[in-house]
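Some structures are shown below for you to check.
Shared between the two complexes below is chain A, which pairs with chain B and chain C, respectively.
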Partner chain A sequence: MGRQIKFEIFRYNPERKGDVPHMQTFTLDETPNMTLFIALNRLREEQDPSLIFDFCCRAGICGACAMVINGRPGLACQTKTKDQPTNITLLPLPVYKLIGDLAVDTGVWFREMYAKTESWIHTAKVFDPKAEEERMDNEIAEQIYELERCIECGCCVAACGTARLRDDFMGAAALNRIARFVVDPRDERTDREYFEVIGNDNGIFGCMGLLACEDVCPKGLPLQNQLGFLRRKMGITAIKDIFRKK
Partner chain B sequence: MLKTNTTSVAGLSRVDAGLDWLQMLTGAGLILFMWCHMLLVSSVVISPSIMNAIAHFFEATYMAQVGGPLIFLTFLAHFVLAARKIPFRAEGQATIWQHAKMLKHRDTWLWVVQAGTAMIILILGAIHMWVVLNDLPITAAKSAARMQHFWWFVFYMILLPCVELHVSVGFYRIAVKWGFVKSDKRGSFKKFETTLFTIFMVIGVITLIRFVTLG
Partner chain C sequence: MQTYYTDLLVIGAGLAGERVACEAAQNGFKATCLSIVPARRSHSSAAQGGMQAALGNCAKGEGDGPDVHFLDTVKGSDWGCDQEVARLFADNAPIEMRRLAHWGVPWNRVVPGQSFYFKGGEKFEKYEKPENEGLITARSFGGTAKWRTCYTSDGTGHAVMCTMDNRCAELGIDVFDKKEAIALIHNDDTCMGAVVRCLRTGQLEVFLGKATAICTGGFGRIYKATTNAVICDGGGHTIAHDTGMVPIGNPEAIQFHPTGIVPTDILVTEGCRGDGGTLLDCNEERFMNIYEPEKAELASRDVVSRWMTHHMRQGKGVKSPYGEHLWLDIRHLGDKHISTKLREVDEICHHFLGVDPRTELIPVRPTQHYTMAGLRTNKDGAVYGLKGLFSAGEAACWDMHGFNRLGGNSLAETVVAGGIIGAKIVEFLKGYETTFDTRTINLQVKRQEERIHDLIHGRNGKLNVYDVRNEMQEALMKGCFVFRNNDGLEECVDTLQKTLEKSRKVGLVSDGAGPSHELAAALKVEGQVKLALCIAQAALQRTESRGSHNREDFPERNDKDWLNRTLAYWPEKADMPEFVYEDTTPVFELPPGDRGYGGGSIIPADDKYVKERTVKSSVTKIGKKQ
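So, the complex of A and B:
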């Protein structure tokens, strides 16, 4: 006989007239290997079809089911109920626009982040479809891949004290995105050009080093190391710039 | 990120980078100073004459007369620089408090501790420096006389843990923020820092007791 789990779930549907934000309690019998993804689907199927939450891949790849689980941002599909206490509180991710209940719109935020960080390879080289692809050092390719593993679930930004205080702060996802291009030899941007994008309090110098981003990242991205790397690199760029011949 | 902002960037300005450098450097300088400060005052535990000898050295080399006010200025500058990040509006304070309570994340709480102790240190630390620098030279007897006054003792029993906490957390924060300590070493570095904090707290309390009992 498994546990009976009590869920406290945030409910608010902005589309429904007169709806007010409130917490609703559900109970569910725990089954072996139950994840929050399974639990939420059962709640929706068996108890309340109006419950809104996002999911897609159910395997920690799409990042759609990110929510605040007992205070910590995380993925519903990767969270096993057996690792949680009998009472589980679920809230939507802060920072992002609420769609309803546990679903938020991370897309708008990430779209703007892409535009802001100019998230593409900047090169003056003209693409020649017939030419053989340029070779890349395996170590660098792996370094880029490591940072490319970000699934854009938004947990790092929701867990960031600075992002909660200031909505113009880029957050770890954006800074990690920049770090990815800094590593990439195909991107011809100079340190000074990167500095223009992140060398300010909206970027790397706004980071207060609380490191919740690193601690909640469901993919275990090396965010702390990337933030440290960028802070040093941009700090040195600023000092070099003082001595630059005008 | 603001939902309605444009994609333009602020342009090249070194101001934010400069302020961040200065915040870190003044912080690191003050940490070093506090460690030296601990060596000076705790030497009284071994013998008041050793403390007097060290204090005399600072006096004779004018380090106390010149260095003292410089430390005071660094202290004030560090406050102004670091205060850029502290929310002074009730709205922001409520946000970070709720956030820390929700997240139950140690490093986030440590930041709240850092910001809270900063306010206490600003006031008590300034009073301490003013009193000490207005009554040079530093001697074990004068420090003891102050500590044997009940309210001064309470004053230092508040200031000591605040400073030790702020210095320890600050030391840890600089190391992880600037990437001197990498992710895989973070756990052990935190343990090291907690040990350092405990050692300094114990030395600090012993020193305070020694001053109180100094005849």
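So, the complex of A and C:
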């Protein structure tokens, strides 16, 4: 016989009149290779169809199902119940607006981030369909991809001390996005232009260096290095600016 | 009623949808995308392997070109594709890859000098030319003559999706997430937009567009075991099919992927086999080299899936609590290869199986993977039956895949078709004026409000939506999977007819308040069962084997009687689909022939029929040589 797992799940549906936030307990018999994807869907289909949570790829690559699992932000789909104690407490991610129960609104947050960081290649060049592609060193392509692996699950922001204190802090996901364009030779933005975006307390200088972002990143992105890299780069840009003004 | 107006309404914001939207926006039209999930979570992002385009930059791609790509695609389709469309696709693919590079995709590039690769577990050497250094490189994929699959490590779909969504942000396109279209708004011949349920609040909204494009991906979730994301549930298909005017093209053409992991059905990429991974049976012995001496593990998907199923039927499967499976072996590729080029696979094994692929075998079995079936469009992407309605990507049956699509061709199709069809929509929009009839709009809104009310209050019955859905999924698994036969299909159709009745008697258990998932499921279950019935009935009618449609009782590919495409209509209030058949392709650049893999015999088409439609082409010669 497998274990009987006790789930403590946060419940609140803002669209239901008179609903108040509360915790609800469910129990489920554990099966081999059970993940929270399997468990939560069984709870919804077998016990309470009003449960609200998000899954999409259920394969750890889309970032839809981030939640706080026994106190730690993570992807529910790649959390195996056998790695958890018999009591599992599930809460929605903080920082983001609650949609209902375990589902939060990451979509709007990230679209605002694209606008803030101008998350696209800035180039004056025009595409010529008849021309050969511009060449690129394979190692640079791999460096860019390394930072492009962010799946926008929101774990890093939910775990960030600064982001929890201040709504206007951009968070590691946004700073990593800038780093992705900094290493890309196709983007013609200068350091000074990047400084305009992140060279302040809402950006790279607001980071307190707690680095929970890297601890919880389900993709293992090198956020600590990137934050250090950007801080140095932006620091140097600021100093250069001081001398230039003289 | 909250009402939005736009020039182009795109339902679905994956690669195809956003590519179409970009084309419209670049040409000065307002494009609006709706998506159930934030755009980057779309299933496009799950495609790991790559995009086929005949750039011919890498050593093993030398001599490649659109002609060779075209040939592979037509053969892969088992001559079931529209050859005009396959040609459009093959010719445009290289340009599109370069465009994506310009927009920001970090394609892997040619690294000059000597390197090694594996094929069939053996190590080979290759030499990349210094003059090609830094150009877009490619990897090997099943069913192709050349290495043609452009990639970014193991996250091609994800990387291209990021770039495309960035491009949308740059162009100022409104991409709304958590919006689900639940019905099209249309009159006798023209589509005006959609009634949309907000998945944040549960409120209904109206989106009106001069043109509407459905780009919602496949509908694998109507099968129990599928590699597809949970959002690939046919929502886009059902709203168009429900009009009674729009046909599903080739519903019986469903592809199964050889390597879904057991038990979660998560896909491990074809790249594993492309890079030299092998398939093993219960004795840990290879078998694909016996069935397919030439291509072995690299034969096309339908062939590999079929032989795997066959081999398991021979008693060579590995027994497990979740049923039988086989093994995928990538141990010999080594730590460096696995942790860089196949990192996603490594992660999947670690997170969902607790297996280390460097030292352990990966349990795999064939799983539903891709729907060549889709909303039937012409070569401009215009959906049959309704003016102003378009479709692109997996949602559409544009039809470059026919009865089997090649790995790397679907991801490429999203952006290539998106570009071509986007340009055709721009042509359509230029100078086009229409009127929106408020009465038609309000009637549709009212109808949807009533549906929701009836479901919440159990007016039609109290059946559990998850039970009904499960019954449909099980029926397809049992009767309409890799192998099909008359008895199994008849039983499947019988079962599904009963399921259809049940789907009309669903009522909610919960109160359906706000972003209720149960309500979302209940709103689409009847449409899903109809799709399932189209698949089963069309498979029953098609008394031949072609591509991934395998009839045990009709093993020949029958070009004499079945060189055609099924169009499945669902007239209002009907209980079964109605079928019309049309010619597969208006022209043959490559007349029907043998694929060169997969075995099976062919009943040839009428000579005169083929000759009348055969056009002069540069591929005729190449085709004969291969």
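Operating definition for what follows: the second predicted complex is superposed on the first by the 244 of 246 C-alpha atoms of A that agree within 3 Å, B and C clash if a C-alpha of one lies under 4 Å from a C-alpha of the other, contacts with A are read in each partner's own complex, and residues count from 1 in each chain.
Here, contacts are C-beta pairs under 8 Å (C-beta built on N, C-alpha and C of every residue); 3 or more make two chains touch, one makes a residue touch a chain.
On a predicted model such as this, the values are computed, not experimentally measured, just so you know.
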Subject >> Partners on chain A (chain B, chain C) - clash or fit >> reply: fit
Original post:
Which holds for A:242: it touches chain B only (first), chain C only (second), both, or neither?
Top reply: first
**OP:** Have a look at where A:29 lands relative to chain B and chain C in the superposition and call it first, second, both or neither.
**Re:** neither
**OP:** Would you check which partner chain A:228 touches, where first means chain B only, second means chain C only, and both and neither mean what they say?
**Re:** first
Original post:
Thinking of the overlay built on chain A, is A:188 touched by chain B (first), by chain C (second), by both, or by neither?
Top reply: neither
Original post:
Once both structures sit on top of one another, what is the angle chain B-chain A-chain C taken between CA centres, to the nearest 10 degrees?
Top reply: 160
**OP:** Based on the superposed arrangement, let me know which partner A:214 touches: chain B (first), chain C (second), both, or neither?
**Re:** first
Original post:
Which of the two partners, first being chain B and second being chain C, lies in contact with A:116: first, second, both, or neither?
Top reply: first
Original post:
Taking the superposed arrangement, what is the smallest distance in Å from a C-alpha atom of chain B to one of chain C?
Top reply: 12
**OP:** Return the residues of chain A at which the contacts from chain B and from chain C coincide.
**Re:** 108, 115
Original post:
Across the complex, what residues on chain B touch chain A?
Top reply: 1-3, 5, 7, 9-14, 16-21, 84-85, 87, 92, 95-96, 99-105, 107-108, 111, 173, 176-180, 182-183, 186
Subject >> Of all residues in chain A, those that touch chain B in their complex >> reply: 68, 71-72, 91, 94, 97, 108-109, 112-113, 115-116, 159, 161-162, 164-165, 167-171, 174, 192, 195-197, 199-202, 205-212, 214-216, 222, 224-225, 227-229, 231-232, 234-235, 237-239, 241-242
**OP:** Write out the stretch or stretches of chain A touching chain C in their complex.
**Re:** 13-16, 32-33, 35, 37-38, 44-45, 48-52, 54-64, 78, 80, 99-100, 103, 105-108, 110-111, 114-115, 118-121, 123, 125, 127, 129, 131-138, 140-142, 144-145, 148-149, 151-152, 184, 186-187
Subject >> Residues of chain C defined as touching chain A within the complex >> reply: 37-38, 40-43, 45-46, 95, 97-99, 101-104, 106-111, 133-137, 152-153, 155, 158-159, 162, 165-167, 169-170, 175, 177-178, 199-202, 229-231, 263-264, 266-267, 321, 344, 347-348, 351-354, 466, 508-511, 513-518
